[in-house]
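Consider the two complexes below, in which chain A is the common component and chain B and chain C are the respective partners.
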Partner chain A sequence: MSDALAGLGGSADAGALASPAPVPQESAAGATRSRFWARLLRNKVAMAGAIYLVLVVIAAIFAPLLTSHDETFATRFQDILFSPGEAGYVLGTDHVGRDILTRIFFGARYALIAGAEAVLVALVIGVPFGLAIGYFRGWADRIGMRFVEIVVAVPAVVMAMAIITGLGTGLTNAMLAIGLVFSMIITRLVRAEVFAAREEFYVDGARAAGASDRRVMWRHILPNVAPPLIVQTTLLFAQAVLAEAALSFLGIGADASQASWGRMLRDAELSIDRTIWPAIPPGIAIFLTVVAFNVFGDGLRDAFAREARGGRVGVGDVVPKERSAAAAPPRPPGSDDPLLILRGLDIVFPKPGEGTDMTVVRDVNLDIGRGEVMALVGESGSGKTITGLSLMGLVPDPGQASAESIVLDGRELVGMDFNDLRWIRGREIGIIFQEPSAALNPAYTVGRQVAEPLRVHLGMSKREARERAIELFAEVGIPDPHKRIDAFPHQFSGGMAQRVMIAMALSCEPKLLIADEPTTALDVTVQGQMLDLVGELARSRGVSVLLITHDLGVVADLADRVAVMYAGEIVETGRLTDVFATPRHPYTEGLIAAIPRNEPRSGDLPTIPGVVPPPWEWPDRCHFADRCPYEAIECRRGPVDLRQLGASLTRCERSHELELRGVQHAAVVAIAGWEQPTGEGEPA
Partner chain B sequence: MLRLLVSRILAAIPLMLMVATLVFFLAQLNPVDPAATIMGDDADLESLAEKRAELGIDRPLVVQYWDWLNSAVVGDLGTNWFNGEEITTELRDRIPVTLSMVFGSLIVALAIGSAFGVLAALKAGRWPDRTITVASSLGLAVPNFWIGLVLAYYVGVKLQWLPAIWPTTRPDSLARWVEALILPCVALGISASAAIARQARSSMIGVLQRDYVRTALAKGLPVRRVVSRHAIRNAAIPVVTLAGFQTSALIGGSIFVEFVFNVPGLGRFGVDAILRQNMPALLGFVIVTAAVVVVVNIVLDLSYAWLNPKVRPE
Partner chain C sequence: MSEPLLDIDDVTIVFPGGRGALPWQKLPEVRAVQHVSLQIDAGDTLGLVGESGSGKTTLGRAVLRFLRPESGSIRLGDFDVTGFGRQVPTEYRKTVQVVFQDPVGSLNPSMVVGAIIAEPLRIHFGMDSSAARERAGELLEQVGLQRHYLDRYPHEFSGGQRQRIAVARALATEPDLLVLDEPVSALDVSTQSQVINLLERLQRETGAAYLLIAHDLAVVRHTCHRIAVMYHSRVVELGESDDICERPTHPYTELLLASIPDPDPAVQHVKSQRRRELAQGVAGASGRAPTGSCPFAERCPHVMDVCRESFPEPIPTATGGTVWCHLHTSGPMLGGRPVSELAAGSSMAEASAPAADG
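== the complex of A and B ==
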């Protein structure tokens, strides 16, 4: 994968590095295997490589039949160099009158045999060696890897040359040397895969069940090792072909009687003052063969890998949309002069693996009053995060958002482009995310990151921004702000990192703060403090908050109003007290019943079996129907509209007749649990 | 930082020793008598024995090894069996030539490869990306000595723009030195650029999907700043790792390019040593190469610490 010869060792590693996604294990044998072949066959480039390689094999096998000339036969025209086409020589002759075409065909033999020799040696040594040290670990591993390290401490070609000195020159010895060096790469690869496979719990499971070590090894580890090994073998074959050519070019591989492509280049150099031509066909032959092996190897890698997502700086703003339905939906309850008015938000993504679109957020309306805390609640996969991101024009690529209108403090955001929105982001709307440690850039001090929006938006000098950042740190309760400001994110606990994020989000005094699951990734003991902090800061600054969470308990003593989201739609919205006391949608009832009481939370709601189905499975009728305990005939008619019931809006056909169980608000606060830290750490 | 440096150097010493040991004994596998190679076929037994004694290869291997090691640690790599020169002196003349070629192409490859790789990532899936991806997979497959031959012929012999081979007299000015280096560096650097472009593309794509890039965007920063401040530095980490492998690969590759352009560097020295079973020369060649790779890796380790605060010692 890298340079001609350069390559050898270093290059193959480069190949491994170039694929960020490890080749995953194929466990469900049959189906995965057929998908593997389908993916491989669909890859035109890889198939072109494969077809070319088949042609090379044919040329190699039938070389004597394909031409009337002899491999080494020098014409009586010694020292005559025929041009292509001259005297019946299709590709001309070299400087001693040997037919170039013939030698290209025979050269394919040397290339393939040499490549096969090197790869075979590498596998025969590398696979058992790698399996053994990967399996036994400990001392075997330490000694083995030390040895590998020594061999790869010098460039692969140089090590191969040292081995050739010991073995003597010649094609077979040279390829043996190359194979020995390659075996180190195979060893490392196999060892790493064995380590990865060991981690899988089923290996340990099988051991505990009493299977013998050997059986564990073959049954569980080999299937994991095979895919990357196959890929690497293909790529090493390319390297071996290059190595053969290179060493023969130097005169320490194929000898003068062997028509290797590299040898042909060496001969071509002798007549280079007259013509370059004899160097062209062998060069192209090497080049194409190496490309073919590489693209085929890459194709194998892609076929083994699951779908990888590509990305650019992928964010999109919200484009305007006309309201299609005749009847405007009822206005969400709330103040008369809201800070934020969102109308008719739709977000679509391409369906994975297909060209068609799927709607992941549909017709969301939301009003957020000034100084109000609005909770957006729903299970994971409901579309809460992208709804929040769309307000800032940060819908991740390839998603597309459209809305009738997003008015923030009297200003229409729909239709603004990336650069217009820059003055909204960070300045008018601040955001904090679920994973504070991932949301901070590991390469810079937290101080610089908090100071950045101050400098960009408020034009502060470096000094001013730093002073302000220290103040902000103090305000969000980070001890020792003068010192901590120069620390790096990895030196902060999750809770402290989230405080940094809060400081950053509030730095430019935004009007709206979006808090996307701000406590989900944190230790339970700090969740309460964090929410209290957000609440206090918001109240003291008059900032409105959109508090996104999957846990209704979290919002109980913080939010003024609640919007419940399920599978891309708002299913209920109203004042917090109303929603808690008299839920109007079965899903809300389920969420209330699921308010955790110091229980470790997982994705599923204990009271409603199942999870949010993926967007492409959402039906045309009530999205919740499959999980709803009250589902009836009338629920199957078609899409359900939001309608007014009491002081709330709800999206349920039967809401007027159902008696749903709520809870007294005060009671929830008492049981919600963060007031009494349990000390049970929840892994982030 | 200093602690890191010292500990890396200390770790490198046993590694170098092991490399020397391995190569010393590997090279002894060859049954051919070096004395016979030097004296030619018609030398009689007596003079061969004399020669062997002169070279010191009649002694037990272990003694030879110990002797060699003892002088090697003080910088004396022995005497060239064929021309009687000090190996250390010979290598000293050749190292700058090879290193300027290797680092010249590495720096150019890093610049070109990173720029194209980042561009491809930012345009992922669109035509600039596809063009760069195809070009880089072709660049990885082309043998550097072949590119060298073609360049030497067209640019050197036909157009006469640049020297097709290294000047026979030592280049006397910087300009001539650079002139002589251009073609070898291009031939050598193409595949490194391609490899770096691929790595830069894939790590940039990975970084652009990270949460902290979203945070940077959410602050209202312009795209250019998000890319140049928040993404590039993190995307550079795997590229630096690759640059380490590439340095090693370039040193290996320089052997062939030196052959094409007749460059009096380490590579030619090494090839001659193999072809003539010149043991002290081969050992010197391998040790020096390993030392360069080790030094480069130490430098890279230090630059990691700069790029990635997590590995920086407190």
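== the complex of A and C ==
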């Protein structure tokens, strides 16, 4: 027992004690707050709106100081209507001789007060109401929503009149009515957002922790529905300014003594036979204020939305790289005439929050033989997925991939014209992803999605493509292909959807199939069938497969050869049986030991202490040294090259002197009635 | 024998059917869990294994009292969980805690770690903010993290670290039972074992019992003393971990075992052959769970007529576990012996012929 505890303190926990080590995408989110503001500040239109609004606020606050005139009866000339500039009145006067500029400044006051009143009322009613019906659902929701629908159906002006009849005229009462109508919009929004947020696990976690319903709503859900709420509030402010103007124009908003913009329009109407001018300044003021609120609101929405998308706006291709002057690295073991030869792949990303680049994949060389299943193995953050994506030209923005050479079936892809490349990739490389349901378009039938590449790349007619799609469905084991072809993706289970993906990837008879965690999202009994299907297709059609996975069991089932990636580098590669039986790199040994197998338990589970460090912490020497149990002085000298050892290549300084343990050292599954494995060979 | 800490007795959980595309259409109800009985002793770990749709998570949520069973009872210590009204007593929330699978979604992104861990401390122990912060720091250290992480946001941590934070929050109330819903399945293998080792150490230190819900039988074998295997709303086999994993008595358990890939290519070769022999029909539970038959019948390589007519009674196995399978009482009459003694396929003929020795 004490041993076990010591082991835990020493190994398992040691890594966690290191500084937080997020993977790149996560740390991108790490700078959320500051990046949100940075993005908002970069949005020139939104900023122009914001600056205008600041000016309006200043005008509203300092209105009495900005002019020497009085809000109501400004001039001695009560019946003269001055033109702009005349007698020192910059914007002229209205029909009773009031200075228009002065009234515009005071009007800003009424616009903002009215807007604030309406929005405040909307929030005070709408947020608790929306939270409550969204959180409790059921009958509360049904009754609440009927009420919302009824209130929204009553025209705002009628509502305002009704309230004014009851409470008396006045700007505040009018805005109370507007706020009540707006509160229903807020209620709907909050309810919809709460519906979504309620499904989050942190909400369940808070409930389990004993938080009361009220606490869960206000403390846990509300902060996370705040972004859309803030955007909507900004937009409603604009609408409130418009509503105030309209009501004041009708005479049921601001009264005659208040210089509201709407009131100014009403006054301008009285002198419309003489000049239209007095209507123009308040008209422009209303127009600009409403536009400013809208562009600022849209800017906020964009800034929030891009947060959610993680900055992925496009994909980039692999650019050519100079052949390094250093001696060529040893050729990866494999067949003499490989289908795919990848040399010197580097992928860099800008370091989050800084201008400098960080390398996330360094100098990857891969050969994939014809009809061979090559497994690319590693933990999250190792760079295995992005390596696969780069072969498809799908490196997500702002990543930058470069390679000395990518030869597919004798043709050099690096430096090729973009359209030719797209053509080759569509036809000769197929790809299947981890989440089949996310990779299929929910709006189209699966048949149409499978037929599309056939029509684009093979020029088939609609009918031929459909026939072929049915054949493909039968081939990948989808029952009733004639019927299922007209079904939509949501009508398929996970396993069946993955079969559709495979049919799609195989439709143009590609030479290479990239399978990125093809079974991770599937149930374990379905996973078995999927492995059989991919293996069978590789054998019968001679398709080469690049299998990207973290599951060494899946690798053992399917792969012929394996490349182990750690922190952006291939650390070991060779034949499956060689690498798994006699690993040559300590990381491979650690991965094999850490897999839970069906064997009796003895002591603590073996772990690799610590976590994969983020790319900006990768050292110039062995990347694994900090977690390696065999680390010695020579591991800290400098970069380690891949070297030949036995039949494998390994990137380890000490590999020649280490006796690393492979899979056979673990106790073998023993289930009564099952055939027992016979060492190396295949059972007869 | 002393009373078990958690006693789930004949629990059935039903979700009402939603409305169809047309207003008058009503979809039939979904029976997510049917007649499940399980016990966990204080300080013990029970593994609940099954695939998606098996009802394992639903059962866990019933123990947490996030939903109420249609029938049956759940008792935890002195609490009659199924007897609670609308308000769950705060004391019960203190007694049972939960850790979810998703290390991203299970921590509130807008709260710092210190506030997340302090919340239950303030609710259940009425600690002021400085005392709660002090205790939260201790808890962080207990799960192998540093005290100064208190002021960071969840997104600043890796998956394994977030899972440790979730464990620290769960332990804050000093619970008697921790429901662990797929706590490691979203983590890398090396991190997986770190978290499992941590959970085991904490169990020794705190004496909390665990209900471990997972789909990976190998992980569960290493963590649990006893395992219950669920398939499509039913528990089909229950027993000691080593017995379940070496002498399975239910055909579904054997299929699950054969489906976990092994990293040894030679072992995996044998396993995958066995898997192909056992896998029948369309894999994956689909549709609604049947009420009056064995839900595994459609996929079972040994299926008999009786399997489609009734759900079997519990049968004690040779190793002291329990199995719900007609193979033990009719047809080949296994009588509690491992199902792997049957050669797959050959029993098909036996099954269709009337049982001569029955």
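Please note the rule applied: the second predicted complex is superposed on the first by the 428 of 684 C-alpha atoms of A that agree within 3 Å, B and C clash if a C-alpha of one lies under 4 Å from a C-alpha of the other, contacts with A are read in each partner's own complex, and residues count from 1 in each chain.
Note that a contact is a pair of C-beta atoms (placed from the backbone, for glycine too) under 8 Å apart; a residue touches a chain by one contact, two chains touch by 3 or more.
It should be emphasised that the depicted structure is a prediction, and the values quoted were computed from it without experimental measurement.
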Looking at the overlay, what does A:Val554 touch: chain B (first), chain C (second), both, or neither?
second
Mind working out whether A:Ala443 is in touch with chain B, chain C, both or neither, as first, second, both or neither?
first
Would you sort A:Gly528 into first (chain B), second (chain C), both or neither based on which partner it touches?
second
Quick one: is A:His457 in contact with chain B, with chain C, with both, or with neither? Answer first, second, both or neither.
first
Hey, what residues of chain A end up touching chain B and chain C alike?
1, 4-5, 8, 13, 17, 20
Would you mind writing out the residues of chain A in touch with chain B in their complex?
1-11, 13-14, 17-20, 146, 149-159, 161-169, 238, 242, 245-246, 249-252, 265, 268-269, 272-273, 276, 279-280, 283, 286-287, 290-291, 294-295, 298, 309-315, 389, 392, 394, 396, 418-419, 421-427, 430-431, 433, 435, 438-444, 449, 452-453, 456-457, 488, 490, 501, 504
List of chain A residues in touch with chain C within their complex
1, 4-5, 8, 12-13, 15-17, 20-23, 26-27, 29-30, 32, 200-202, 204-211, 215, 220, 223-224, 379-380, 479, 493-495, 523-529, 531-532, 550-557, 576-577, 580, 590-592, 594-598, 600-601, 604-609, 611-612, 663-664, 666, 668-683
Contacting residues of chain B [partner chain A, same complex]
15-16, 18-19, 22-23, 26-30, 32, 121-125, 137-138, 140-146, 149-150, 152-154, 157, 188, 190-192, 194-195, 198-199, 202-203, 205-206, 208-223, 225-227, 229-231, 233-234, 238, 241-242, 245-246, 248-256, 259-260, 270-271, 273-275, 277, 279, 282, 285-286, 289-290, 293-294, 307-310
Which positions of chain C touch chain A when the two form their complex?
51-52, 64, 66, 90, 93-94, 96-98, 100-102, 105-111, 119-120, 123-124, 143-146, 149, 152-153, 155-161, 164, 166, 169-170, 172-173, 188-194, 196-198, 200-201, 204, 215-219, 221-222, 242, 245-248, 254-276, 279, 282-284, 286, 338, 340-342
